[in-house]
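Take a look at these structures.
One chain, chain A, appears in both complexes that follow, with chain B as partner in the first and chain C in the second.
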Partner chain A sequence: MTTESVSVTIDGLSVSVPKGTSIIEAAKHAGVLVPHYCYHPSLPSPAVCRMCLVEIEKFPKLVPACVTPIVEGQVIHVHSPAAIKAREGVLEFLLINHPLDCPVCDQAGECELQDFVFQEGQAASRYGDYPKRYNPVEDFGPDILYVANRCILCTRCVRFMDHVAEEPVLNVSERGDRAYIGIDPSATLDHEWAGNVVDLCPVGSLVSKDFLHKARAWDLDKHASICPGCTQGCNITVDTRDDVVVRLRPRANLEVNRHFICDTGRRDYRWMNRGDRVDAPVVADAAGRRTVAWPAALTHVAETVANASGSVVVLSGGRASVESIGWVLRLVDGANATAAMHVPLGEERAIGAVPNLALRRERAANLAGAEMLGMTADWATAVHAASSAAVVIVLDAELTDDEAAAVARAKSVLHFATVADPRLGASAILPITTMVEEQGVYVNRDGRAQRFLPAKPAPGMAWPAWRIAAEAWALGAEGREAPGTASAAFTALEPFAGLTHRDLGFTGRVVAGAGVSA
Partner chain B sequence: MAIGVKVMERPTGDVSYIRATLKGMALTFKHMFQARVTLQYPEVRSSDDWRIATRWRGTHRMLTDEQGRSKCVACGLCPQICPANCIKLVPGEDEAGNRYPLIYEIDEFRCVFCGYCQEVCPEEAIHVGVHYENAEYSRDRFVYDLERLSAQVHPVSTLWDPTDPRGE
Partner chain C sequence: MGYPHPIHPKETPLLSEYFGDVAARSYDGWVARGGYVALKQALAMTPEAIVDVVKASGLRGRGGAGFPTGLKWSFMPKDDGKPHYLCCNADESEPGTFKDREILRWTPHALIEGCAIAALAIRAETTYVFIRGEYTEPCTIFEAAVREAYAAGVIGENAMGSGKRIDVVVHRGAGAYICGEETALMNAIEGKRGNPRIKPPFPAVSGLFGQPTTINNVETLAAVPPIIVKGGAWYAGLSLSSPKSTGTKLISVCGHVQRPGTYEITMGLPMQELIFDLCGGMRPGRTLKAVIPGGSSVPIMTPEEVAACATDYEGIAAQGSLLGSGGMIVMDDTTDMVYQIMRLARFYAHESCAQCTNCREGTAWTTRILERILRGQGKMADLDLLLSLADNMTGKTICVLSDSCATPVVSGIAKFRGEFEAYITGARAPAMAEV
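The block that comes next holds the complex of A and B.
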């Protein structure tokens, strides 16, 4: 089936888009933003906000761009005097009862009402000092507050709960200028994916309690990343303020998570700000336990691996990047190595209406990548093997007391650590960066390799694990050269040969031969 | 061998110091009979002829509401606009759910007294003050915390008024 394409002219620019595209989407192709509130690409459009009214030549009236499909040859004016006047009117009505909360509102700085009023609203109100409608703040659920006064009734939250999460607990209560978003009195907004209504809200009406008053939008630095929570591999933005992660938000990727992330992933950022990190390499050998510089630590690692008389076991945490796993495995290559990734299991929580999107049972972001590189998810066997191994490499895995005791029985333990674990009796503790402090790639359950970018600086002397492994590997024989960048480290791995980080782009790329067995 | 020196014929009437001295003395004596303009600072700090301009931008003052709490809502605009980056602000929430500053500090040494903080403040809380006597015994006293800023009593600056550019 070939898609028929239609040409239209939008604000003087002609674009050609598939038949059936709405004007608002066609305008995006032309690079023209049609102001809108109720429209969202991942939600059905009810055309209630009347903000996206545009003028079409030969049409008697303005039409809402979000629900009107384009027709061949239409000439559309988004910024004609009539359209601007209509939107000015809509904004004036929205502002009648909108409180002047901007100084205390969490949304200020990323608020679409602010943006569009600034862009094309009226400079002054004509309503004088009439009292504004007042409703108290409502507690909607574990993490969500509803500030009714700020609501512009775009109903994105209602439609999200109805049509996407498929748990219809929100509605529009009352009518006319008394309308507000109501919640089923017997329900709370505690759906696993309910946190998305905060991101969907174009104004500061639905706010996250967790983020409340924490930072202003303009203080935040945003970094593209991948959620390390489960094998789904949702695209996220890590927002930091003064190098402290303050929130995680979804980043649009229509192939993976559309515009959503689950609340488990959203809440799971506190470990990124841990203060008790290892920041210098520690080596314990015949000369005693001491902090050393990197060359000495790398020599120790290389010698330990080279002198291993017996099997080698690699125990990895679920957040290790493919670079780190690949190079640690290459470091121990040739030895009789058993490698496993720790995959905590949880409950699978699907979003409802979005196919192939759920909080997965396997709570390890890079399981598919690990399996491509030769790791298994058979944790118990690997831990058992560790107790009699010559060398165990622990790659930032969280161990129970029993597991730690088993690992401690090994002849020597190399601990690639974010946080030191005294139970292991490691001969070397090597400080590594976490996934928010390094560049890397995760492969999700559908075999999509997606890269994440560093969001904050590494503590002290910490290096990415792949760099430690690669430098130690280079010491192992003459003529070996360690890769200098994460991208080079990625390219050098056999399943990804020829691919660079740049090839993956910001929405990832499906790589061949991937799939999750667990 | 004698060195030949050319002796100038000086116009003694013009170069004599006596005339200049008398001229200077005359000026001095003339001032003894004129009105005094020197202000005897610090005993006298202003006079009918001179007082510090209301547009003066000096050390800050935080205004408070009727209950004595600072008017600041910790919106974060002043640290954002501050060109000297001298304002430290950490927002918090009180029992009634109102946003307020947990920490509000201004480093007056770093401050360039541009007055942008006063201009940008949506709550008319932070002001630059009509005040110039800031001596302290230690440097750290120049980081004014919220309590100190609120305790200041000096008048606040009117800043420059665009409708009255000359301050008349």
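The block that comes next holds the complex of A and C.
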């Protein structure tokens, strides 16, 4: 690609962008939104919705901003009377067959048709009392319904399946105003990445059965996060309603997942809402088993670690943050501990046309981070070591009965737990937050450190694991001070020295390895 | 010879000379009538020389746009190392147009020869002839002619012993009007849905299969062989009015004339003579009311405009319409203009490919309003609404189907407003059942 830049004026704002940039992208740089439906930065542009028509001075006709590259010196008007009138016309055309069922539509509140009509549409319809086009709702696949009546035929879904997922099962069927999105009668929309068509749909035409009628968009709180499902580290938004996670959606990161997430990741949120969480520290020692306040629990942890006569083993689940892993290892003097992360394996499911994007075999978000901090993925060895260890720390790992039995044979077990596990015979159960209740960092398979933010409050007295470990560590010797924030906990870890959470921004930063996307 | 009428003295039978002559369909018959002399000549010429002759002839595209053919050919890149393609647009689907059909069914070898010469001119080896799906008989005849031409060795891997490869592939359409749009036609040949493509890139840069492509109408290509034989200057001399409109033009006349049919005129013949002399004028006791001169997509003309009109690109444009494809629809005083315009709009609504919002929704809405007016349920405000919709449908879409729907509505309301108002006020009884 050439680095030559071109300067244009868009709605009176000068902007300089690389040669070949489309008007619509150049306008973004100038801070001007060109209303659009069919255009999507991760899909080829067909220029069919005709919403993005803009005026270029000295041009005889309006041009589609999505497919027209800028030319040096052009003076472009997005909000000239002619362009506004053209959009008004398109919006009117889009609405004549639209059911206007916003009150029962899932998309309401995050609908681009609503938004642009509100912004620039006509107040009243000139369509009159003609019947509107009617097609029944169709079941496209395991999680996707097609509400044809709301469809504006932008074809984003068709292009996604054709050119991104590369499983062309959707098409535009029929012609004229009878047209609708058709599906291969022998196929269902069950591609691993098919759920993205719901996000791509600018209106409420493709809806998720899982989310159907669950919550209104305006009642949702949205939180930037990272998918904990595999080593890809897709950026996501966690949507909560009254502190209950109701939906996971992709969050754009052109270096990692563009605008997409897989359906496995999308579906896997129910654990975030578990009601059977541990919410207070429990200590079981000579004085009996009892619920305690944090100082007593921390003292117990510090003493257990200090008095360990023998080996120490750390067994971590795949969702632990680098902060938690780093500080647990510091607590137990990681150099002398056997530490492993449990990495469930699955089938790799690539998206098709996006390089370096797949649901990865290793279904643990922070494997790379764990390895940077000295942990391995050699789970079997660590579990075996646990059976004869002096102290085993279980960091929110799910264990089989055999594994639990091995752990229970250790002299002392400290369970950093979201859910209690009586099989372990732990001397301390320490309630910890999950990744949706804390701030932290995962490092993905390309060495990109990415931050996730809390999306809901922690149950009861639960703390982030790093805080428990750090506070207990501070008790171990004079002059030690535990970090006060997750960012400070991150900065204090050797592989990330000097970096704060803020430095990672919302799209992360490559901190290790041969990152393909530096 | 002419078909179905004898050649009229005011006709210039260049392409239509053998219409109706069954013997001209065969290879031998065509050779006996002077066929394939032009191709032999062209095989000995350089591509540039062929383009120059056609440029000198002033030949312009007969499909509707009227773009200079030689100039179009000259847009094809040279020495780019890519395969070039020629597409022949035989998807003649514009209501009122049936001139290419006559070439396909009476003089198929004229088209094969024209394709071969054009392919040489643009350095293409393969020509795709895209024939309208409904043209069963013309397609059968043309395919037989292609087989004969291969068998005779005039086309094929060693065309007329020249060592040059010229292939002609017949692709039958599936009946969608929009596939007559040049880029939709290319998509259809590629096996894709026949949706028009965004331009640029233009076909000369990226056309069929993404390669440099030229697309020409049947009549354009059929006119090439005589130009090669007789020279560009000769063809350029065939003009009765504007020097920018040269040669002959097939006009397919239908509607309320005594002798409908396909007529070949020298460019510039007065439209009045075409309608009243060649076609025999109106039926007894009837008077001319309106003419759509160039296929259904062009503005409607009044008798006054017809009377002042020379039938060529400039002459019709001077009267506010377009020569278009040369598909002329003549309407006498019995015609219900509102109904006719509704039928045209319904056609476009049916044929819209559904890509662009304005066309998909606008053509259907326009049709519904016109139907409402015809049912006697219209309102005066509907006329302004129709014009407003027409404005929203013009110049805002990928191809011109949307514009084509708007054009007769706009010119119809401008020139026959009283008929619309008669339905709306109730002065005229509804022409369609109420719903």
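What we mean here is this: the second predicted complex is superposed on the first by the 508 of 518 C-alpha atoms of A that agree within 3 Å, B and C clash if a C-alpha of one lies under 4 Å from a C-alpha of the other, contacts with A are read in each partner's own complex, and residues count from 1 in each chain.
Note that a contact is a pair of C-beta atoms (placed from the backbone, for glycine too) under 8 Å apart; a residue touches a chain by one contact, two chains touch by 3 or more.
Quantities reported herein were computed from a predicted structural model and do not represent experimental measurements.
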| message | Under the stated touch criterion, which partner chain does A:Arg126 make contact with: chain B (first), chain C (second), both, or neither? | response | second
| So, does A:Val137 touch the first partner chain B, the second partner chain C, both, or neither? | first
| Should A:Val104 be classified as contacting the first partner (chain B), the second (chain C), both, or neither? | first
| note | The chain contacting more residues of chain A, comparing chain B with chain C, is C
| After lining up the shared chain so the two structures overlap, which partner does A:Ile152 touch, if you call chain B first and chain C second: first, second, both or neither? | second
| query | Is A:Asp219 contacted by the first partner chain B, the second partner chain C, both or neither? | reply | first
| Touching A:Ile96 in the superposition: chain B (first), chain C (second), both, neither? | second
| said: Just to be sure I read the superposition right, which of the two partners does A:Phe118 touch: chain B = first, chain C = second, or both, or neither? | reply: neither
| Of all the chain A residues, which ones make contact with chain B and with chain C? | none
| note | Touching chain C in the complex, chain A uses residues 46-51, 53, 61-62, 64, 67, 86, 89-90, 92-94, 96-97, 126-127, 130, 152-153, 171-172, 174-179
| query | For chain C, which residues are in contact with chain A within the complex? | reply | 176, 178, 193, 198, 349-358, 360-365, 368, 385, 388, 391-392, 395-398
| request: Name, in rising order, each residue of chain A that touches chain B in their complex. | output: 100, 102-104, 108, 137, 212-214, 216, 218-219
| note | Listed in rising order, chain B residues that touch chain A in their complex are 73-77, 80, 91-93, 97-99, 122-123
